[in-house]
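Please go over the structures that come below.
Each of the two complexes below includes chain A, the first together with chain B, the second together with chain C.
Right, the complex of A and B next:
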């Protein structure tokens, strides 16, 4: 068991997007604002992007791994003409909405989704041609086909549209009175399941991994999944394992608001290093509740509704293979209760303390990934450029430690940081989105170490005034 | 500005009167600082929160404004803000908020 002495590796990571402009109206913000004003609703529906526009949008190309975020063109990215980019990337894709609705039906084990006949036919045709078609339960689409109007009349059902078009599908509630099982809640959960499953299927396919070789799946998406007796019951991970054909796996979810992916990776690596499991997948689906979250700022600035995609991510952790990047379990940074809550104090405990422990400086880290929210989405609503703010904090701390001179602050931010490119689904932005890029650069030798820093707004749940965070260092394999 | 903060500010304003309040903004970029200041002076420009349409005209400063920072004990400043003051563009931040203390240049 010599390999257990070495830290585990991250073998692969993949990311997908589902372009779901029709579902954007079910995001928490639009679902409250649009019914209040028909004029706002009309403007919202008139400002949705086409699939080609969503594919061409450069941050989406960075998210699915086609380009490195530092290779993003100058802003505004919304001006990028459609037609040049592909929906497919190595190990990732941008899936169009009607295909995604078919995928929802394919993973809907409760049989609550009804697709109109025409939509079902279009979705079946598209999914049948998909490179992963053999992994989809396409028979479910036929079973889901039915009377959408009747289904939408059910108690707490959720109507579903493709883009700005008419209703073409509906999700029935799981229970007539349970507020945790309304159609709208289940659509969030089902969308998270489908996007996570799609990312995991791409990972298994790209790396030619036997699905039966995965022992465990850890979910770190934002949906809690449960019923009225246990709203955060959890284990969407096992549902994803089932949907992806991982017959020998079980799973669990790790909850930590937007920071969850990093604790999930650390738990996965710890289980592997302890010899509990050999191969562990970490998965996260998209957050439907956050679609259209900042749409008012976008419309005010004559931008399209930019939060119209659901992300999905998957990563695979196993024992040292002598080639894949190592997850340094001796360099996990955590935000201690007593660490303090100001930006520099949080960064000190997440970024600096682990480096001190390793005897390294900030300039020993080639890439820092932290809260990589796309600034084109956040700035119009007054939330500023989140990653830039983080990188400035990091650079200031680096200068105070004497790692760099004050004159080098700007170049530190530019060369070791990067523009934000993730949708505003915090767990994806909080570092996880950089994982495929980090692995590429660490495998090729373009980078030696990457640090991924995640933060989570724990205080939003009203049980504490604290935030949380965790960081990991990934290192080029020394063999 | 987030909706909870807007509600809090509206409540405080009703309780104490707008003339008794000063708002101190810590936003790290001028655009965010300006929108936050606009919200407490002229009302929420996104019409999403409690301050939509509320022209409270509150007195507002950025925390890096010397008239504020000089009142903060140095140990507190060092722990909470010091490092950030090294890298933020204080002049632009202070100016963005100061602009909102002036009356609008055109009638709105």
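Right, the complex of A and C next:
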């Protein structure tokens, strides 16, 4: 059991996007605003991006791992012409909506999704050619094919469109009266399951991992599944494990609003180090509720609806293999109840305290990944540049500690920070989106240490006025 | 400064939290009738 003395490693991480412009109308904000004004609805539907535009969008290329975020071109990114970028990246992809609807059918174990015959045929053809086709339950698409109009007439059913086109699918409610199982709620849950499954399948394929070798799966997406007696009771992780063919795994969900991925990684690493499990996957699906969340600002600024993608992420944690980056369990930062709630206090708690514990300075960290929300999405709606605010706070604290001079604040932000590139699905933006890039740089030797910092807005649930957060340090393997 | 004033304290996740605004307002003599912190990202 000598290996238990060493901290576990993160072997691999993958990320995917599903471009779902037709589903964007079911985001929380559009679902409230569009029915109130047909003119707004028409403008919204007229401002949806094509698949090629979504693929070419540079932040999406950074999210799926094709380019490092520091290699992003100058803004505006929306001006990038389509046609130059590929939907495929090492270990990731951007999946078009038709295929994704087929994937939804493939993971719909309750049989609630109905696909129109034409859509089912198109989706089946596309998914049949997908590199991961053998892992999809393509037979489910045929079983899902049926009368979409009749299905959509059911109680609390949710109509589904491809882009701005006509209805081509529908998701029935799981129960006639349960508000936790309406078609709209289940579409959110199913979309989260499908994106997380897709990311996990890519990871297993890329690393040639035997699915039966994974002992446990921890879900950390923002979505919560449950029924009226236990809203958010879970467990999406085991559903993802089942869908990805992880026959020997069980799983659970970790909830912490947007911060959840880092506690999930820490729990995964702790389980491995304690010898409870040998190989643990951490997965997160996309948040459909956040699609189109800031569409009003986008339309006001003559931008397309930029929140039209669902993200999926997967990472694999296991015992030290002598090569993969180490997750330092002795350097976990947590936002204590007594730490205070101002931005500097939170950053002090999450970023500085772990470094002090290790006897390191901020300049010993090559890359800081904070809340990497894409500013091109947040700024038009008045939410500002979230990562920039975080990096300025971080640099100011570094200067106060004497790690850098005041003159070096700008270069600190530029060289150790990065532009935001994640969709506004907080758990993805809150550091998790940088994990594939961090692993690449730590494996290649371009970086020695990365710190990933996550924050979550607990106060939104009205059970506390506090926020929360957690940070981890990943380090180049010393062997 | 805020005696005999009612205050609604709306905080922002990345800025000043609702309870911090409320504490300042109460210290200045206000009666805080509602406190909330919101997330705008």
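Note that the second predicted complex is superposed on the first by the 479 of 479 C-alpha atoms of A that agree within 3 Å, B and C clash if a C-alpha of one lies under 4 Å from a C-alpha of the other, contacts with A are read in each partner's own complex, and residues count from 1 in each chain.
Simple rule for what comes next: contacts are C-beta pairs under 8 Å (C-beta built on N, C-alpha and C of every residue); 3 or more make two chains touch, one makes a residue touch a chain.
Note that the structure is a prediction, hence the values are computed from the model and not measured.
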{"item": "When chain B and chain C are modelled together on chain A, clash or fit", "value": "fit"}
{"item": "Partner contacting more residues of chain A (chain B vs chain C)", "value": "B"}
{"item": "Contacts of A:68 with chain B and chain C, given as first, second, both or neither", "value": "neither"}
{"item": "Which superposed partner A:33 touches (first chain B, second chain C, both, neither)", "value": "first"}
{"item": "Partner chain in contact with A:231 - chain B first, chain C second, else both or neither", "value": "neither"}
{"item": "Chain B versus chain C as contact partner of A:424, first or second or both or neither", "value": "second"}
{"item": "Touched partner set for A:395, first chain B, second chain C, both or neither", "value": "first"}
{"item": "Touching partner for A:385 - first (chain B), second (chain C), both, neither", "value": "first"}
{"item": "First (chain B), second (chain C), both or neither touched by A:342", "value": "both"}
{"item": "Minimum Cα separation, chain C to chain B, after superposition on A (Å)", "value": "5"}
{"item": "Chain B/chain C common contact set on chain A", "value": "342-343, 382-384, 389"}
{"item": "Sites on chain C touched by chain A in the complex", "value": "13-20, 35-41"}
{"item": "In the complex with chain B, residue positions of chain A that touch it", "value": "33, 296-297, 300, 340, 342-345, 379, 381-385, 388-389, 392-393, 395-397, 399-400, 406, 409"}
{"item": "List of chain B residues in touch with chain A within their complex", "value": "1, 27-29, 31-32, 35-36, 45-48, 79-84, 86-88"}
{"item": "For the chain A and chain C complex, residues of the former touching the latter", "value": "341-343, 371, 373, 378, 382-384, 386, 389, 424, 426, 429, 457, 459-460, 465, 467"}
